[in-house]
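Letters A, B, C and D mark the chains as written, and numbering starts fresh at 1 in each.
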């Protein structure tokens, strides 16, 4: 037994030393407890207390995360379980931003506020999911990867099924849960295979040697199965089936959070895995990640944009469009180091645009009760502000110049071209061409909204537009989307 | 002593059985059971491989965590199934297709 | 504050004022827009007459005039170096005539917008946004800025055609948008490729400055579009592929034959003022783009492909004219005649001779005035009786004599009657095309001969229409009711038509007014492309 | 201002006065005094051209230029070139125009849009005068088309008449076709010499003479191209001239152009505009080589012969004169073809006078017949000679002047026609002596044509002025009376001009006419004395016989020698079916091709684009119904185009969770197998 005593003291010292690196996570845990506590005892007296506590705690965590920039280059903690890099700090900031926007959205969402169970629990679950995402951004160990993915997934199953107002939400949550569970089971099996082949769980050099030693197809099988779990979070092509149904069924604020928060988490994890593999020796010999991502990106872009043409339900259309954007983003991943800045910029703009889009869609649904694009007849005139900002957001999603969407796409194209110059593989060329073609196709279904709202008239009386907080927030977001299009350096100087 | 590959064969067989159950069963709960089979297959692998990895006990630790998480996900899944039954009055996955293209 | 910036952003400010103004002011919007266009005419007139003809522009950066260069975006992209985008405006011989043309056509379009009755606030705001975008396209010398204005043109046009257009307006609007966007998205790829290949001599980091892109010294050795690297993309030499893609993007706007099918639909469905702008200026953006960007940045590829460009030009002329001959709807006939007349532009440009290129620029200016006049005339009849079928009218001359006089001026001017600007333009485009085989062997002689057939065909369809619609005994499809409605020109309409007719005449009799401004730049462009 | 500078200013005045009157008549001057404005302006320009003529004739050329615009390196100038040819033409054109203006005062009195008539007429005069004195070929081309445009306006003056509107469109398009040839020739010259200035090109020591023609190559200062292009350039000018002077392939527009007022026909389609073609050929004559000259001669004589056969059987008085003009122009072309430019210009001048006179007399006759028809309100065509007859007694003066003109046309001695026609015939005989047998045919054909001319003009005179008035209705009281004073004066003046003394002292030999001495022939013809006496004698002898024969035939009405409905008669009546041939051969196929190309445009290209771009707008409703059908199928066939592809992707979303998992695993496994076990990737 005594041979273990050597380790205990070391690992104890390691844990104590590691605390210094995970202040934001600790903050999240404390706020998680606070929210549950306030939900149980104080909600009778002050109805919105959980909301305010969550908001304040998120603000505190935000400042703690910004402090983390000071740690300089990467810092491995807890004997290789997690590693803290500036890249993961950026991702953490994006998660926090999407969480804050989610809370504000929930606060102004009629469906959520009228729910008899109240929204206190939702905030608690959100904080748990946020914690999981932070771990995803920092994980360096396969166990840590599995743990963080599972926390985020289980949390989001609950969020999707939170209201279960009608059959749709229940169906969405069951589909999400089953698909998610199956995928994580496959991923777990993949990890177990890797573990049994290499004997180690840490994403480092000796894992790679282990994989080199075994026959190439078995390493390939293990890694492919492992990537299935990852794909579920990012919902690229083979793993995308759940997203249209879940996004349509889930309550709009949750859909907004899923399309932005959990997708960015997926990218953060993929970035982490790629970075780990590439930095410790060349991973090409083991598994051709570039080729895989390239092909998957092309297919995802094509699928997302082409399928979206037929959609009449606005949320389903936005779901397909987010699949399309995933494909486009993977083009930035292919350019590995060069692409990081364009990846973060694109994610940030994608976050703002998507949340604004969902908020506006929710406002239209709330006031005119129409969810399908074909029922948007003539709303352009009766709800001018909403539809002008929705138009600008859609233009940004298409990627037309005055908006920041164009600058984002431009930077991704730039990084892809840069990687083409260094690697010269024609796959990247085909990716860029698909990117261009799908942008044109995307114009068509994004412009169905102004087509119905402005170009078509209707005789029925139309609702007046109510000026409320949600409209203000979406206007601010739209303004930001426009301003970052004209002065993008405000953001890019922050990322380095 | 029994070589590691035998264990891997066993876990692979268990994994495939679980996968079969997931794909074919007409009952959501049986589907969950299938998923549990797949997770257990992974557990076998972990524990079997963990024997050789002396110092970090990686395998055992992962197995413990996985059991806990599997329990959590099943709990959530069952709660959701309960909710689905309230509306669809059936738990046949093929019936749950209101949300489609 | 530089004149060009005022000229560009004045309409935008006015547009914002209109948006903010209470929607009760329906009548004032018209007058605000008219005032803006008049101010624009004053400014562009001032610029036109203070333009120094000796300065050549094109690829010599310091010989551009009214320049304004402010650093706009400085992104630090880590390993990819610093992204440098400047707000760089400037004009030379190629773009100065278009400024004046745009302001005049905008004024005429405003006058013709008196007929728009619904949702005036939205209409005039979009109208002014379009105005800003067009002026911006002609002044921008930074490729990124050019691209932003180029795309900004599409949005207002989509809504102008879509909301105020004819029966199939949605189909026409989305078709127009998809066509142009398809071309411009691939242009974006080339722009990115060019950006990474060119370094700014002063600051050393990558740049979008078009004029730097024109001189091969700025291309770094291993760059994609570097002339000495001879890189190939998908098997085709990179520079040639770049030229082809940029050419296709602008050819859609010109339009050339295979890519022209959006023009008749867009014109037929667009309201009169929009189709005036569409025909008067938008087609010229394509021609200007080919001259400034395709020929400026890829001169070597331009020489290789000049044979094909000439062929496309000839095909456009003949095919457009034949189609015009077969039309039953007057507006569609004029749309196809625009395709045919723009074929001359392409033929003249492909000839790479001084006469050819100057002829093509002159053709763009003269076609600008004449097609605006033609569409305005069609609009007059359409607003009165809501019908454009040629067969439904006969002997209009007897009931609308003044209208017939203007129609005859417009028809004879566009078919190239000497004394009007179209004759000078078409004659010199053809002379340049014919001459090019001796000068630089760019395009063979038979193309000039085939092109001249276009003049004959245009005479045929214009006169046939004149004879069917205007002469002979008066027999109208709508009978008496139409006869009462078809009253002669009002003062407003005459006010819009007279300047256009006068300008076509003045340019025809004194072409030096335009040629003096164009000559310097055209010679420099020819020298830049062919080295002669 | 010293002597030398006044002349160009005066000639410029001559050109610009009608232009001023065009502007005044069209826009500013009221209808009533527009006539006076037009006549006074043409009067001023006539006086000016007389002054210029007497100053320039045989006294050296004047050539002044002014900078018009610079294009690229070449600077284009606009200027005046006054040499013998232009002096003569400017005098001829303004003289005849002046007479026709006076004539029109009476002829067009009472027409409701008379101001437009005067405007168009003045525009025509100014552009014709401009054409004559322009100094570079581009300027000539500009005035050339303006002349065509004003003839378009004048032919279609009565625009309510459908025939007139068809005719002017046809005239303009045919002229435009000719202009293509002209433009092509310009292009060739410009690409070879870099300038279009006549003086620089063809003047003595001009650029054209520097070019050598060795081994099929045409080496010129700017470039060298194959010799063929010299022929093409020559034929280009010829093609332009053929269209304008209504020669063989492009002549069908002239008879239709008779729809315009007779005054217009007399000025434009008899004297001036149609002569422009001949003028151009003479202006650029150095460029023609032997093959081009031969073609001009052949076309000329063939047109002459064809037109005269058609004129034989026409019944409309104006159409007879139209075909006669075509025939006489054929003679001029023949003169140019055989190299005797002088004879061509001489015949042009004389023809201008007597043909204009013929038209004016015809105009008076029609004017009176029209007046009579209205009084009797008979519905017969007042231009058809079969309805006329016996006007000798009622319109004596017109009769006399018309007879003089007819004599001049036949070439009877003592008339100017005799001199110019003989000049052409004799020099054609002299030309033919050295040529091959086929070439010898031409002079004999020319002789035959002149006899045919004599016959049809005699037929016209006897049918119109002899026998009784054949108009329906009671012819008791005096219907027709002499033409008004304003119409008679020009007729008398022109009759005087048709006599011989205006051109040469000796009425019988053409050699010493003052006009011929100035124009050197391009091909030196040595003089064969015998021809000079035998041919005129032979010619006139037969001419008199034919006149007598016609007299018996038509004046005395014995027996109709020609049966009316023979095949040959109908063939000639319909103008050798050229009109129908052109309509079938050119007009219908062009409209067919254009309809075909439009259908391509709509079906193929648009269709193709739509299929590619068809992402939902048009197909959405149909595809929506199909889509619901497919949703339950497990395996969906590969979609159609982009819309179809979207459909295909979308149909995977069947909503069933197990189906999702199955497809997902299927895709992952296939990817894995393909990746590792197939040689493909």
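What we mean here is this: a contact is a pair of C-beta atoms (placed from the backbone, for glycine too) under 8 Å apart; a residue touches a chain by one contact, two chains touch by 3 or more.
If you want to know which protein each chain is, UniProt gives these names: A = NADH-quinone oxidoreductase subunit N; B = NADH-quinone oxidoreductase subunit K; C = NADH-quinone oxidoreductase subunit M.
A quick note: this is a predicted structure, and the numbers were derived from the prediction, not measured.
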Going by C-alpha centres, which chain is most central here? C
Per the definition at the top, count C-beta pairs in contact and tell me whether C-D or A-C has more. C-D
In angstrom, rounded to a whole number, how far apart do the mean CA points of chain C and chain D lie? 37
Round to the nearest whole Å and give the separation of the Cα centres of chain A and chain C. 44
Measure off the straight-line distance from the CA centroid of chain B to the CA centroid of chain D, and report it in whole Å. 96
Could you put a whole-Å number on the gap between the CA centroids of chain A and chain D? 79
The positions of chain A in contact with two or more other chains are 174-175, 178, 182, 244-245, 307, 310-311, 444
Out of chain C, which residues touch more than one other chain, so two or more? 170, 174, 178
Two or more other chains in contact with one residue: find those residues in chain B. 22, 31, 93, 96, 98-101
Throw together a list of every chain pair that touches. A-B, A-C, A-D, B-D, C-D
Could you list, by residue number, the parts of chain A that touch chain D in their complex? 174-175, 178-179, 182, 216-217, 220-221, 224-225, 228, 237-239, 241-242, 244-245, 291, 302-303, 306-311, 441, 444-445, 448
Show which residues of chain C lie in contact with chain D when the two form their complex. 170-171, 174-175, 178-179, 258, 261, 319, 322-327, 353-355, 358-359, 395, 397-398, 412, 417-419, 423, 427-428, 430-431, 434-435, 437-438, 448-449, 452-453, 455-456, 459-460, 463-464, 466-467, 470-473, 510-512, 515-516, 519, 522-523, 526
Sort out for me which residues of chain C touch chain A in the complex. 73-80, 83, 119, 147-148, 150-152, 154-155, 158-159, 162-163, 169-170, 173-174, 177-178, 181-182, 185-186, 188-189, 192-193, 195-196, 222, 224, 233-234
In their shared complex, chain B is touched by residues of chain D numbered 627, 631, 650-651, 653-658, 661-662, 665
Flag every residue of chain D that touches chain C in the complex, lowest number first. 68-74, 138, 141-143, 145-146, 149, 156, 159-162, 165-166, 169, 172-173, 176-177, 179-180, 183-184, 186-188, 190-192, 222-223, 225, 590-591, 593-595, 597-598, 601, 605-606, 609, 613, 617-618
